[in-house]
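First the structure, then my questions, so here it is.
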Amino acid sequence: MLEFWLELAKGPIFRFSFALCVLGLARIVMLSAWGAAKAYYAAGDKELPYSLIWRTTIHWLFPIRMGLRNRPFFSIVSILFHIGLIIVPIFLFAHIQLWYQGAGLWWPAIPRHLAEFLTVTTILSAILLFLARVWSSASRHISRGQEFMWPLLLIIPFLSGFFCSHPAWSPLSYNAMLLIHILSGNFILLLIPLTKISHCILTPFSQFISELGWHFPKNSAKDVEITLGKQGQPI
Amino acid sequence: MIPLLDQDAILRAKANTKKPETMEEQGLRVRYHVENPLKGGRAQRFLEAFAAILKHSSYGLILEQYVRTSLKCARCAVSCMLYEATGDPKDVPCYRSAFLIETYRRHFTLAGSLKAKLFGDPGLTDETIEEMADSFYNCTACRKCVLECPAGIDHGLLTHLGRYILSEIGITPRALVVSVREQVQGKTRNTSAIPIPAMIDSCEFLEEEIEEAKGAKVKFPIDQEGAEHLFFAPVSDYMMEADTLCGIAAVLHQIGASWTIGTKNFDGINYGLFYSDIIMDRVLNEIPKEVKRLKTKKVLIGECGHASRTAKVFLKTFCEEGESPPVVSIIELTHAALKAGKLKLDPNVVTDRVVYHDPCNMARKGWIIDQPREILRAFCKDYVEMTPNGRENYCCGGGGGTVSIDELRPYRTSIAGKKKAEQLQETGAKLVVAPCANCKKQLREVVDDNGLDCEIVGLHDLIFRAIILQENDSPEKTPESTIPNE
Amino acid sequence: MKSILTDITKCIGCNECVLACKRTYDLPPELPRRWHKPDGLSARNWTSIVRLPENKFVRKQCRHCQEPACVSACPVGALIKNAEGPVTYDGGKCMGCRYCMMACPYEIPRYDWDSAAPYIRKCILCYERIKEGKQPACTEACPTGATIFGEREELLAEAKRRRQENPKLQLYGDENEIGGTCVLYVSDVDLKAIYNGRDLRGDPALPSTTAPVLASVPLTFVGVGVLMSGLYWTINRREQLKKEGESGEKANG
Amino acid sequence: MDRVRRFKLLLWSICGLAFAVAFRRFLLGLGSSTNLNDGTPWGLWVGFDVMGGVALAAGGFVITATVYILKKEEFHPIVRPAVLTAFLGYAAVAVGLLADLGLPWHIWHPTIYWQHHSALFEVAWCVMLYLTVLALEFLPVPLESFPRLGKIRNFLVKNRLILVILGIMLSTLHQSSLGTLFLIMPYRLHALWYTPILPLLFFISAISLGLMMVSMESLITSYLYRREPETHLLTKLCKVAAWVLGGYLIVRILDLLVRGEYLAIFENSWQSWWFIIEILISAIIPIVLFTSKLTRGKLGWITLGVVSGVSGFVLNRLNVGGIAMAGTTDSFYFPAWTEFAISAGVVSGAALVFLFAIEHFNVWEHPPRDEEDEKPYTLPRFAPVGTIWLGDPHTAGMKRNSMAFVVAAAFGFSLLPFSSLESKGLIKTPANSARGKDIMQIDANRDGFFVTFDHKKHENSLGQTQSCAVCHHAKLPADEQTSCAACHQDVYLVTCIFDHEKHKTWLGGNQSCTQCHPAGQNRSVDTAVECNHCHNAEDASLVLAVQESPIRMDQLNMAGSYVDAMHGLCVTCHKEIAERIYRPLHGTCTTCHPFVAEESKYEWDKLTQTTASPRWVISTPLLQENIDVEKLKESVAAQ
């Protein structure tokens, strides 16, 4: 029975969630690009401060300065968390091996010890992030359910992956651990384009879009006035 | 969370409030005195107004983006002076933005429709709208939080949009509406309802003042056709900030600029920025009319943050193609003149410690930051900076139009202005330079209510004190290069 | 014109010719695939031995027709009938339409179905070796002389001689059979069995089925054009006359 | 617009599914995504996409001829939709061909490599030219929206007659030459369909099919957009179609009579019944419905007739393109679902473009407008408050349709095994337990070659029933009954990363064990060479940065593999005995695997390459050990 589920998780479910993740993100980007193009076309003032946008974007993509400015502990933990989160799944030797076997794709892997170190830091920083969210009243109050869920959900594949590469310490059998690992990974892939994790692809455009947001269409105010039937009415 | 507030400051502020009868007494959380508060069916009308705005503007783009990327990391909280003053989670910028973001998600996205079908989400309620109104008008729209958001969410833009939608269903503070009503529909055509003759009288009076003080004949040109600059000051300057106007006139006289004040429209204030694009559109469209009438080339904006920003940024947006005149701020003009060596400032006049306060609307995007500092350093003996400053400066606490609402004074001075008061106290400055009518009014009240010992002045007030005027031979000689280009 | 003659009576089914072919063209080992036909030919086996009842072994390979259907079918000329006899293939021209596979009456050409850039595969009569003056790898490898290489006329004569010796034998591939082939068979069994029950002896060459239609193409093309222009002119003229008549009536009226 | 909205959602979903299939088809080739085979190299894509697509697009030349040549002005309203349908039909053919061609990036080759003896060459040129002509014929319509390009439009409109006549010439040619394609395969095509006048039949049927297709397209769009159907025009079209169909029927029957194949109709084979069905729905039913007084001019009956006729002729093209060959080839072919998906996707794509053109250009007198678009200043209603508004119809459609596309594509991907894009995990190669009692046959991997194990003899020599624990686990209760295979479930244990079977195949089957498992040692993960023994940086062909050994069995908390267990059990003891009692042969492989030496004389190469029957390759039952005979001899001599 376990083998059946394993096959299912590795095959159809993986392909479904991976395709949904990639295509879903592509869809979001294309919709955003379309919206941005439309907004730019409509904007009354088409001059944008591109250099400022570019600088701010780079600044947030590689937030080296950011840790010093405010909430330094939270920032550093979150940077560590992101590093592990991005590097380990993509550059783990075993994952690359799967891609090589399946699609003939191959790219350099990180050393095993680094991968293990990053896995542990990611798990720890996820726990810290969760605690920080619960601890700080500001973030606790503005958080929705998914904000609490995400760090915990992300721990699962990392922890189970760690146990898969160290079966001797695993509380469950190898296959069961692998099943948990694959299913949780699939679930995360599935959720990426549907939740806030889509920021992984949208963040680079955010500054540009925010700036574009201030560039209203020429006749927007007048059109809204007409639509709401307030044309010519006293204020 | 208990707001850590200075009780004395609150009491002082309450004592200074002009019209206590319009304010509902509920601690410091102010219920706005709302223009035309329609009851019932608000949610539906809110959504319809929202939809109408989405249909005809680009707000849908940013909302789509923010719905997907809002991370709720609470980094914005630590940058917001309101949250720092109160510690109330409702003052976290992200909490405020969530009102609009969640409404958008619920009523304008596929995810929302799915969620509603699965969990039976009832949607927007009247209570939420009341909370929303409360929240959006607590914000001063200073946009400091924007700098701290890793996801690039512009909470200031969302506040702007939120107030816009609310205004369309009739929820707007009365003070703003009354002013705008006078400006757009009234006889006097300005927010302070100053009659034109009174304005001309005060200009003549100021001419005499300048002659008295500096011994030079400085004109306030009224309705002069064909001048280079058409001058728009925040209209309150004519009543409260005479020194600023004197300084501006003196500088313009000294550099020999040709300028004029139009009698049909001389008010630079545009409260539309704070609550409605429709109003902003209407007020802005008056400017090119006056420019056309007087055949001037450029628009010169006096010492005012939001007036500068609306004119500079939104004139091109809302005016017809080719009809938007170039906009210059008086600070840019003065700075260029100083650089060109045309101004003579006596460095021995201002000896007290001086600190410069950045108006958010000018500094946030990095437009006017260094120019005033260079001017001040040129003649002030003891010039200091507060931290943070420049782009990351804290708001005075009266931004977003709240300063014109007198019943808000306790809130403004003891919560919104608390951080500013602390900053000022730290510097130990005697003179606080704030080149913005809003900031000046707010800071004066902050100083009063918090018992600080400083004087609030405009940039040109100080310049007026230090400037050495000479009789100009031929004002027309002024080369073009002294005036900063766009 | 070079040719191969295979004598079924002499074949012992040792597979040496198949091996030689694989070695010469460096063909990878065979794997069982869904798209294979039971005759053993595939993209990796250009010739095969089909075992028939009573231990008769028939070597199957491209027949290198004198008037090949595949060559006439190929829209880009990727298949060519060479003067030396072999029908060769140029993968650089091929666009993968597989019309040759449909057209071949012997159903010989095979396809690289498992490749993302597939080509047509079939025996090319060791064209390169022939040009060098050598004989094909298969005939060279045959230990019993069951399959031999030579000038077509000579082999045909040899085949006829063998048939005279043994009246049971049948001759395949002379001019009777769809215009003749370069791979001849002398057999004491009916080769229908390896060609899907088809006996092509006595049939005309296949290109002759499409040739008349294709020859009429220019005529049809021009004809339709002229017909349509004529029709248009006539109808237009009639309408004009009608209009003129109407306006004339009006003028008169 | 609600019908159109739902219809578009469906079309986008189909396109999504087709996208997934197309991705796989271009990545892995035709074999993995179709059921085509060496016996049936043409399948659904040629029969439906190409032949059906071209035939369905015949409406273009028929209607343009009617309106511009024959001057039947009353048909003018349907010219534009007809030309558009034709254009999209041909474009769909081109796209379908891209999927069907083995080397689609060579699709342009007929333009430079000429081979005018080929019917397909003619078809290729005609399709290319006619596609251009149709594009030019239709171009004035979208150009109406770009007043700046008015010059081009005027030029095209002025020269329309030339284009129309050229279009008719090209259509005539290649509608018929699609039939010519099949003249070269008299042996493949069943006698009921193979005829020298196939080109003529194709041409005539294309005319009637064109007329019916235009009617069908008009019926569908008027249903979708809730328009009043142009019943009077349709009646006229169908009347003409009935005449043409009559002619077609007569020619077809005459042909059968002349060729003398008419008896085949009555031979009661599946082909004969299939033929009758085809004739019935393609010609007879439409003729009856279009001419009978009872049914003529009534929308329902017209629809039925048109649907019957269109599907009948699509069936005809499918028959000629493949179904009629089923009996004459020795291979079976039925399209895979992936083939249906691509065909449906191409049609859906064309339909979407058609709807787009209708909504944005004046294909009809006025494009159909969405009610919401019509009044830009109306408000969406939010009563009750739970209502959702996704933006203006265009934006909302984009959001919904792209979502449908993505979900359908992901679903498609989940249905398509990408050979091995997934991890293999622990592959179980189940071990069979030994059979027999006193003399046991041990054949764990079920390859038919077993080790004979004299249990009785072992029992006797080791000390009768007291000695069970020497070999068997004494820990398990009643262990004599427990098969070794109960715990040692696998013949080989392999993990996610390391695929033992694949390595075995790559290295040459069972002959290659010693390449990784040094001779004379237990074959287990422990004794195997490290991965980087082969996969190292020096060997460019195996550039796998293998850094360490695969997962070790002792980490898995699992029983070792069956082979290891048995080897470990027997070999250790035997070797020990061999040394103790000075019988070196007692500890070698041949003690238990006696046939090894005998069989190993065959060369591996020979076995793989000489036979077409690959069963041998997979299950060659050999376990070759490199027995060092010299050493053996030495050790024997030493004693």
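By letter and in written order, the chains are A, B, C and D; residue numbering begins at 1 in each of them.
Everything that follows uses one rule, which is that a contact is a pair of C-beta atoms (placed from the backbone, for glycine too) under 8 Å apart; a residue touches a chain by one contact, two chains touch by 3 or more.
As the structure is a prediction and not an experimental result, all values here were calculated from the model.
Engineer: Suppose subunit D were gone and every other chain stayed put; which groups of chains would still be connected through touching?
Structural biologist: Connectivity without subunit D: A, B | C.
Engineer: Measuring from the mean of all protein Cα atoms shown, which chain centre lies nearest?
Structural biologist: Centroid comparison flags A as closest.
Engineer: Would you kindly say which chain has the C-alpha centre located farthest from the C-alpha centre of subunit B?
Structural biologist: Max centre-to-centre separation from subunit B belongs to C.
Engineer: Have a look at C-D versus B-D and report the one with more C-beta pairs in contact.
Structural biologist: Counting C-beta pairs in contact for B-D and C-D gives the edge to C-D.
Engineer: Could you state the distance in Å from the CA-based centre of subunit B to that of subunit D?
Structural biologist: That pair's centroid distance is 66 Å.
Engineer: Could you put a whole-Å number on the gap between the CA centroids of subunit C and subunit D?
Structural biologist: Chain centres of subunit C and subunit D, defined by C-alpha means, are spaced 27 Å apart.
Engineer: Measuring from the mean C-alpha position of subunit A to the mean C-alpha position of subunit C, what distance in angstrom results?
Structural biologist: Chain centroid spacing, subunit A to subunit C, equals 58 Å.
Engineer: List the centre-to-centre spacing of subunit A and subunit B in whole Å, with centres computed as mean CA coordinates.
Structural biologist: Comparing mean C-alpha positions, subunit B is 37 Å from subunit A.
Engineer: Can you pull out the residues of subunit D that are in contact with at least two other chains?
Structural biologist: 27, 376, 379, 399, 403, in rising order.
Engineer: Residues of subunit A that touch two or more other chains: which are they?
Structural biologist: 31, 223, 227-228
Engineer: Write out all the pairs of touching chains, ordered by chain label.
Structural biologist: Result of the pairwise touch check is A-B, A-D, B-D, C-D.
Engineer: Would you pull the subunit B residues touching subunit D in the complex into a rising list?
Structural biologist: The contact residues of subunit B facing subunit D are 43-44, 47-48, 51-52, 54-55, 60, 107-110, 112-113, 116, 121-125.
Engineer: For a test of understanding, state which residues of subunit D touch subunit A in their complex under the given definition.
Structural biologist: Those in contact with subunit A are residues 20, 27, 376-379, 398-399, 402-403, 405-407, 409-426, 428, 496-497, 499, 502, 543-545, 547-548, 551, 554-558.
Engineer: Within the complex, which stretch of subunit B touches subunit A?
Structural biologist: Residues 1, 48-49, 52-53, 55-62, 64-65, 68-75, 77-79, 83, 87, 89-90, 92, 94-95, 98, 111, 146, 148, 150-154, 157, 168, 177, 180-181, 184-185, 276-282, 313-314, 316-319, 365-366.
Engineer: Please name which positions on subunit A make contact with subunit D in the complex.
Structural biologist: Contacts found on subunit A: 3, 6-7, 10-20, 23-24, 26-27, 30-31, 34, 93-94, 97-103, 106, 108-109, 111-112, 164-168, 170, 173-175, 178, 182, 223, 226-228.
Engineer: Going by the contact rule at the top, pick out the subunit D residues touching subunit C in the complex.
Structural biologist: 26-32, 35-39, 41-42, 65, 68-71, 100-104, 106-107, 109-110, 113-124, 161, 164-166, 168-169, 172-173, 176-177, 180-181, 183-188, 196, 199, 328-331, 606, 608-612, 614-615, 617-618
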